[in-house]
Amino acid sequence: MSVGIGGRLEARNLAKTYELKSGPREVISDFNLTLEPDTLTVVMGPSGCGKSALINLLAGYEDPTGGEIYLDGKRVQGPGPDRLVVFQETALFPWLTTFENVAYGPKIRKELKGANLERTVLDLLKLVGLEEFRDKYPSQLSGGMQRRAELARALINQPQATLLDEPFRGLDALTRSLMRDYYLDLFEKRKGTHLFVTAELDEGLTLADSLVIVTNRPATVKKILKVDLPRPRVEAIRAEKEYLALKAEALELLHEEAIKSFKAGGLNSADFVGAYAALA
Amino acid sequence: MGNGGSISVKEATKVYDPDGAKVLALDRCSLEIGPGEFSVVVGPSGCGKTTLLNAIAGFHELTAGEILLDGQTLSSPGKPAKPGSDRIVVFQNGALFPWMTILENVAFGPLAQKKMTVPEAREKALKTLETMGLTLIAQDYPGQISSGMRRRAEIARAMMCEPKVLLLDEPFRALDALTKIVAHQFLMEVYDAQKPTVFFITHDLDEAIFLASKVYVMTTRPASIKKILDVTLPRPRDYRLLASLEYQRLKAECQDAVREEALKAFSAGEREM
Amino acid sequence: MPITKRLTKALKSVALRRGLISLALFFISWELCARFQVPILGAIPAPTEVLASLAHEIVSGYYWRSWGTSLARILTGFVIAQILGVPLGLLLGFSRKAKEIVFPLIEIMRPVPPLAWVPVSVVFWPSAEMSMIFVTFLGAFFTVVLNIVEGIAAIDVRYLRAAASLGSTRRDIFWRVMLPASLPSVLVGMTVGMGITWCVVVAAEMIATNTGLGYLTWRGYVAGEFPLIVVGMLSIGLAGYLSSALIRRIGLHFTPWLSSQ
């Protein structure tokens, strides 16, 4: 397995407006972001701010209403195995076993066959600790195992960019921290260009090379924080002065956007405005 | 006000017996919660946290041991606690009555206990709703308001009874991390006003440390207390606290304890969700 | 768990004992009602009479031929319904154009209960046998088609997106995603459809012919052999249960991911 296969993914002046019955709704506006090869970029913003829409545009599931997406300087449109998505709460095919799920991509593209395919899949399953579970269906795996299988299914295709849309959402906090370590280890060993969306600040800061804070709808880049902490990262960095300073800065920015989102009636949060106004 | 009661759990043991397959959910679990203490219990999923909450609330009978409230036996084998208005539960998924307006829901407790007349209960409910910033939705049905708003109305309903103990089972589970920060400040305000004893279950460590006076880390099943963490962070607390060194230190300490248990649960093949 | 162990465990369970007590009480009060000629209820033949009649029927060729004819009708109608219904459902689910053309027609035909077709199909088809198979077919056909269409519409878009990202062609998406993803609802459609075909065939047999389990029951009524009516009813119930169970069993074999929690 090669190391450092990441491409440069660029979003230039990206915009998306949905035409709803109630009128047009601008979800993303003038969004500019470059993912440097073999870096991990974390995107954070209030819920309902358009992060999932961003992933859908980058993956090619939806067409932007403005702007373009470039991969290594070449314009890309529509979905493809060069930009793979790891979904919220997994999208493993329930009717395939772990092995079959991971093998799906190379098999249908006829890139790998027979013993070759088997070996590649098994190597990857070993890396994510699932070799004993190769013949189990997703419903037989625990939440954490499903996420690992999903990571393997994406990584086997050696995508130039991996897009992770809150991949650990729904896991309990403890499993989540174990999964984060797994993922961090995988990234630090294999590299690749990763975009990781999360709502957990400590998770984001521990993973990121750069942390992108996105404004409330319409989403645009509010600020990019460089996270120049040494790798491999360990839990202990969270007590370091640099880390705490970054966290304080990010908290201020995020809090500002969260409050804006409450006031604008953001998803499942508008309700706390009143209480918050009373406190502030 | 400070009307919180003290809870002591003594060697509480609970064995479930579905179809003859004995499952030990609680194993001689003891803890002491002082009056007005904000206690938060964390531990791996399925470890028996909810069993303990249910025993205190009076939904379950203990197999051995006992639970005392203000020195009085609340629950012991053969004599389960009766659910009562001195211990109010706020459920994970919300349990407002869909067929009543928010005002009727909030006024329900004192009326059911025949502690107040209808006009009295109504007046007090309106006042409670006002202090919680919920006046505008008093006449709405639960189905007409958002989930976060429902959660707040439910806390209002609980506080109407001026309970000695407030039992919360992952009340903010459905909210994302950023929204939670605001929800927490709201809960803190309510707590500061009445100072009930709080028994709060979660598996979110940020939530636990931010809210708690004491964090109880539970072991995997059968549950018992593995570690007690005193959270001496000053009150009132606000979100900036999350970036302080003391906070990070407490979180790391808590995480280490919890992670050991999570790994045990993991290797025991426990389902995580 | 070995089957004997499971059985002893089931026998020990309180729920089962309560169920058995309720059944026993039911039969005892039924017997007593018949013995003491309780008004209205007493007209139903007693369980002992039914058992006697059953013992008599079970050794007669006529009884088993009735089973055979009914089963043959069900099977033919049901199989034809699957052969035509499954591909049609898949086509309608996969192609929006096909759905827009064909679906309105189905929506018009569907609300007409299959039994309402009996007179017209007796006139239309050359033999009573064919008309009965036709109504049986109708009973299963619409259920199957609609379940497949709904099943495909309900496929989580994430599966389609994941498949597209991984480089699937349209063909791959049909064979490797839509087909397996809709299989559970196809099976639900089949199970429900099987239930409907039994309703239909029994009624049709009472109206249009003099063979089959439906007619056997009807004959009991006409001839005043009341225990035979109950034997017929029980036989139909059992037949319906067995055929649904068979479909579920076959279904589990084709959807191993559903049974493996």
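A, B and C are the chain letters, set down in written order, and residue numbers restart from 1 in every chain.
The rule is simple: a contact is a pair of C-beta atoms (placed from the backbone, for glycine too) under 8 Å apart; a residue touches a chain by one contact, two chains touch by 3 or more.
Note that the structure is predicted; figures quoted are calculated from it, not measured.
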By count of C-beta pairs in contact, the leading pair of chains: A-B
Longest centre-to-centre distance from chain A, chain (CA-based): C
Chain B and chain C, separation of their C-alpha mean positions in angstrom: 49
Between chain B and chain A, distance of the C-alpha-averaged centres to the nearest whole Å: 33
Junction residues of chain C, two or more chains touched: none
Residues of chain C touching chain A in the complex: 156, 158-159, 161-169, 172, 176-177, 180-181, 183, 255-258, 260-261
Chain C-facing residues of chain A, complex: 59-61, 79-81, 83-85, 87, 91, 93-96, 104-105, 108-109, 136-140, 153, 157
Contact set on chain A toward chain B in their complex: 46-47, 142-144, 170-175, 177-178, 199-202, 235-236, 238-239, 244, 247-248, 251, 254-255, 258-259, 261-262, 268-272, 274-279
Residues of chain B touching chain A in the complex: 44-45, 132-134, 145-149, 151-152, 174-179, 181-183, 185-186, 189, 203-206, 239-240, 242-245, 248-249, 251-252, 255, 258-259, 261-263, 266, 270-273
